[in-house]
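Listed after this line are the structures, all set down as C-alpha cells.
Below are two complexes that have chain A in common, paired first with chain B and then with chain C.
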Partner chain A sequence: MLTLSITDDKNNVKVNLNGDLDIEGTEIVNEELLPKLINFSKVNVSLKEVPFVDSTGMGLLINLVKTLQEKGIVITISDVNKDVLEIFDLLQLPEILGTDVIVS
Partner chain B sequence: MQNLISKGKNLEEAIRIGLQLMHVSEAEVDIEIIQHETNGFIGIGKKPAIVKLTLTNHYATNSTSLNEHKLVEAYPNQTNVWEGLIEGLPESLSLREDNLLPISDEGNRNNENVIGKAWIKDNQIYVKDAPDHFSTVSIGPNIQLYKNQQLVKDKSAIISEKDSLHVKFERESISETKWNISIIENGLKAILHVEPGLQTIRNLREVEPNEHIELLVEEKQNVINTLEYQLVLKELENRRIIFNLNHTEIMKAINASTAGDFVIAEGRNAHQGEDGWLEVLVDVQPKNGLVENEDGTIDFRESKLIPTVEKGMVIAIVHPPIPGIPGVTVTNDPLPAKQTHPIKLKTGVGTELIEDKLVATESGRPFIEKRGMLIKASIIPKLLHQDNVSLSSGNIRFNGDVEITGEVEDYMTVEADGDIYVHKSASYSNLTTMKSIIVKGNVTNCSLDAGKNNMLIMELGHLIGIMHQQLEKMIILIKQLSNSAAFKTTDFSVTGLQPLIRILLEKKFQDFPNHAKKYMEVVENGQDYLEDEDWTHIAVSLRTVFLTLTNQVTTVHKLTSLAEKMEKLSTFSKLPVEPNSYITISDSVNSRLYSSGDINIIGKGCINTKVHAGGKLFVGGIVRGGEVYGRLGVSIEEAGSANGTKTVIATPHDQQIQIRKAHEGTVLKIGNARHVLKEDRDWITAKLNNEGYIIY
Partner chain C sequence: MFRRDFLYDFMPDGTMDKTLEREIKLARNIQMKLLNGKKPELEKSEVSGISIPARLIGGDYYDFYPLSNGKLRIIIGDVMGKGIPAAMLMILTRGAFRSAAESTHGPGDTLTAMNKAIYQDLRVLGSFVTLLCADWDPEKKTLTYASAGHYLPIIARGSQNLLELPKVKGVMLGGLPNTEYMESTVTLNDEDLVFFYTDGIIEAQNAGGEMYRIDRLNEVLLRNNTLDINEIENAINDSISKFTNNAPQKDDITMVLLKVNKGSTNITSYNSPML
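== the complex of A and B ==
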C-alpha cells in the first residue's frame, strides 16, 4: 500500500513516496497528493522507498508531472531505485517527462 | 697403402693424422717432411705442415689387405651411436683381418675400377682410396653425415677409407589412420571419411662406385589402414545413425588404401507434393489479330477478339493439392515434406463451383485473376453504350465491362468493375475501374484510375508492413518489461495493457497512431474496392486497441494475433496479380493517370499530366511538364520542353529511365537521387551506380 509524507518549506515541497507505485495508489496520487502540490512552485518527489511499479503507476506519475508542468510548477523526481529506473528507461520515461525531471 | 701424404697444423699433427689414416705405428713408416708449417700473420700466408709417410717394407706386405678397404656402417637413429662405433671399430678391424665379415665382400671389391671411388650399398658408404685422389660425397636433405664423430656442416665432404663415417636419418615414420563420420545434406547422408595411415621406410639410395657420390634417401610407403568394422559400428551407434546402413561401403572404407569419402548411410528424401491449381478450360485472354471471314475476306475492323462463354459451360477444373511424402534421415528422424496448399477460389458474379468444376451461370466474358493462391473468377457482363456519356445519359456505374462508342463529356463519371473502353475522347471526367482502361481519343483534364483495388491493397500493405514491425517490437518490449525485477503486472488483469500501451505510444512508438489513422482513412474511402474483410477487421482492431479509450481488456495474446493477421495481409499485398490492370491511351493533357500495372501512352504524348504506373511506363511521344513515375522502369521518346516547364521523371532505385531525346532542365529521379539535365541529350539510359548517384 502506498503512503506518502510531505515536508514543505515555503515554496519548496518534498514528497516521499513509500510502497509500490501501482494501480492501488491511483486515489492517493490523484486525490490526495496532486491537490496538495498545486500551490507550490517547486516540487521534488523521492521514489527512494518505491521498490515496484506497474504500468498504471507510471501513468499516474506521468499525469502528475504533466499536470504540474502545465501549471508552471517545476517538478523533479529523485532517488529512483536501480530496477525501477531500468523500467523507466525501457519506456523512455525520461524523454516523455523531460530529461531534467528525473534527477539522481 | 704404401705411402700417404698428410697435412696438419704442425709436424706432430700431420704425422699423427697420417699414422691414424694408415693404421700403423711410427716405427713402421719412414717420415719425409715436405713442408714445415708457417703461421703467417693473422691467418694470411698460413701454411700447413705436410709430411709423406712411407711404409717400411717389412710391414708393407702385411698390411696391404688390411688397409685396402675402409668400412663404415650407418647407424641410423641410434643415440649411443658413438659408443657403439668406438667399441665396434677395433673389433671389425680384427675381423676383417680374417676376411670373415660378409660385408667385407663388398668392401673387398678388388676391382681396379673402384679405386679412388666411393659407393653406397645396404645403407653403408664404402670408400676405396687412390693415392692421387680422394672421393667426395654430397649430402642430400634430411641426412646428417658424421665424419670422425664430427657432424659435416657443409653440403659436401671429402671422404677416405680411414675416416669413420656415419650417416644419420630417420629410418621409419608412421602416420595413424584418421577417420570421422559426418552427417550432411540435412541428415540425408552419413559420410565416412578415411585417411589410411602410412608407414614410410627410408633407405640410402644405392650408388655404384663413383668418384663423387650423392647421399640421398629413398622412401617406400606402405598403407596401414587400422580402421575396424566394430569401431565404425560403435560410432554409428553413438551418433544414432541407424537408417539404411550400407555395409558394403563400410567394408570398402575399412579396406581403403587411399583417402576417401564413403556414403555409409543414406536417408530418404521427402517427396515434395504439389499445391492445388486451377485448370482453365476456356480462353480468357483477349487477343489481337486479324481473322479471315468465311468468304475469304478480312475484316480490318474486327481486330480484337474478346473471349466469351455460354451459360452452363465448364470454365475451369479445381485440382486439389497433392500432399508430399515425408522422408527419413539417417538418424531415422522424419524429414517433413513442404506443406501443400489448396487454391482459394472466390466465385464472383456468373460463376458457381459444382464439385470441382467452375461453371458459368451466365453468358459473357470469363475473367480469372490470380494473386498467390487466391483466385477470383467471374463472368463479366458487358455494357455497350452506343452514344456519348453526357448529361442526357447520366453517369455510368456498371458491374462489368463498359464500352463507350462515343465521348465521355465534361464532368461525367464512369465507374466499372471490368474494363472501360472509350472509342473517342474524354474531358473533365473521372474514369475508375478495378481492371483496365483504354481510351482511343484525347484525355483532357481527366482522372483515370485503373486497378483501383490493387493500388489500395498496395498502399494498405505498405502501411500494415510498417505497423506490423512496430507491433512486433511492442510485444517484445512488453514481454521484456514483464520480466523486469521491479515491474508488477497486477494491473494487467484489471485494466489490460491499455495504460502501458498509452505510455508506449507517448514516445517510443509515437508514429504508430499516425499510421493507424492513415490506414483507417484509406480503408474507409476504399471500402467498395476491398473484397477481403480482413482489411476492415484490422482497422477496427487498431481503433479499439490504440486510438480509443475503450474498457475492453487488451491482452498480449490479442496483440500477437493482430500482428499475425497484419503479417498475413502484408505478405499478401506483395504478391503479384495476374493479369494486372493497365491504362492505354492516345494522349493526355492536364490529367491524372493512375494504374496498378503498366501505362502506355501511344499517341503524341502527355502534357502537364501526373502519371503513376505500378508497372512499366511507356510514352511513345513527348512528356512535357508534370510528373511521371514507373515502378518497373520508364521509357520515353521525348522529355522536357524548350521553355523549361518542369518535367519530373521518376522510378525506384533498382529501375532505369530511358529517354530518346531529353531537353535541358528535365528532372530525373531514381530512388532518392535526383538529377537535373544541364543540356539537351539524346539516347539517355539513366540508372543508379553503386554509390547511389545517377549515371547515364
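== the complex of A and C ==
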C-alpha cells in the first residue's frame, strides 16, 4: 500500500513516497498528491522508500511529471533505488522527462 | 493455466452487475480471440504465444505477421495500465501494428510508424506502450529486433548458455513524437530457443510478496529448452503457477516462444492477410 508524506517550505515541496508504486497507487497519486502540488514552483519526489515500480506506476510517475512541467513547475525525482533505476533506463525516462528530472 | 481472483467491484448483495458482467465477458472473448488467433505453422521451426490477464481482460499484446519476403514479424508488448482501459489501448496497438507491418521494411521502421500513428492518442489518454518487435528470417536464420522500452528476448542455447543480446534502446510508444528505433541482428543456431516476455512474468508474486524474478525464469529456460515448444511453454507456466500458488497477480503474464529446429525453415501457413 502506497503512502505519502509532504513537507513544504514556501514555494518548495518535498514528497516522500513509501511502498510499491503500482495500480493501487493510482488514486493516491492522481487524486490526492497531484492537486496538492500545483501551487508550488519546485517539487521534489523522493523514491527512497519505493522498492518497486511496475509499468502502471511508471505511467503514474510520467503523468505526474508531465502535468507539473506543463504548469511551469520544476520537478525532480530523487533517491531512486538500483532496481527501479534499471527500469527507468530501459524505458529511457530521462529522454522523455528531461535529463535534469532524475537526480541522485 | 492460472486461476485468478477477479478484482472488479461488486453490488451490495455480493453479485456483479449483470449487464457489466456480460459486457466484460464479451470484451474478454473478443480479446482472447484476437490474441489467440491461428499461429503461423513453420517447417522445421515453431512459434507459440500465450497471454494470461491478471484481471478479466488484460493490456498485454503479442502478434505474428508473416511477410511476403518469407520472414515472420513478431511483436510483444505491454500497455501501461490494467483492465478495460488497457485492453482498449491494446486493440489500438494491434491495429497500428497490423497496418505498419504491411508497409514497413523492418522492426525498427514498424515501431517508428506505430509511434507516429498512435502517439497523439496515447498522449491524450496519458498512456504508454512498451513493445519489442522482431523479424525472424528462416532462410538466413537471423533475428532482427528493435525495442520501444521493452525487455529484450532471452536466447537459450542448450542446457548451459543464455545469450545476452546486443542492446538496442528505444523510447516506449507515446513517450516522444517522431522518434526513430534502431535495430540489431543476431544469427541463431539450430535448436536455439528465443523467449520474448512481458514484465508480468518476472514480477509475478507469491502470497508473501516475493517476486518470481529473472533468475527463476532463466533456470527454467535452461532446464527445458531442448523440449518441444508446447512443453517448454507448459514448463514455464507450471513453474510460475507453482511459485505463485494461486496468489492473485497484479500484472498480465505474456510470453512468445520461437524455437529453431534442425534443417531449413519455411513459413507454410498464415494467420494474417497475405501481402
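One rule holds in what follows: the second predicted complex is superposed on the first by the 104 of 104 C-alpha atoms of A that agree within 3 Å, B and C clash if a C-alpha of one lies under 4 Å from a C-alpha of the other, contacts with A are read in each partner's own complex, and residues count from 1 in each chain.
We take it that a contact is a pair of C-beta atoms (placed from the backbone, for glycine too) under 8 Å apart; a residue touches a chain by one contact, two chains touch by 3 or more.
Model, not experiment: these values are computed from the prediction.
With chain A as the common reference for superposition, the partners chain B and chain C occupy clashing space.
In the superposed pair of complexes, A:Ser78 makes contact with neither chain B nor chain C. Using the contact criterion defined above for the overlaid structures, shared-chain residue A:Gln69 touches neither chain B nor chain C, since it reaches no partner. Once chain A of one complex is fitted onto chain A of the other, the partner contacts of A:Pro51 are limited to chain B, with no touch recorded for chain C. The larger set of touched chain A residues comes from B, when the choice is between chain B and chain C. In the superposed pair of complexes, A:Asn16 makes contact with neither chain B nor chain C.
In the superposition on chain A, contact of A:Ile96 is made with both chain B and chain C.
When the two complexes are overlaid on their common chain A, residue A:Gly59 makes contact with chain B and with chain C alike. Touching of chain A by both chain B and chain C, each in its own complex, is seen for residues 22-23, 52, 54-56, 58-59, 62, 90-92, 95-96. Looking at the complex, you find that chain A touches chain B at residues 20, 22-23, 51-59, 62, 81, 83-84, 86-87, 90-93, 95-96. By the touch rule above, chain A contacts chain C in their complex via residues 22-24, 52, 54-56, 58-59, 62-63, 90-92, 95-96. By the touch criterion given at the top, residues 78, 80-82, 126-128, 130, 149-151, 169-172, 175-176, 199, 203, 211, 250-251 of chain C touch chain A in their complex. Across the complex, chain A is touched by residues 477, 480-481, 484-492, 494-495, 497, 499-500, 502-504, 506-508 of chain B.
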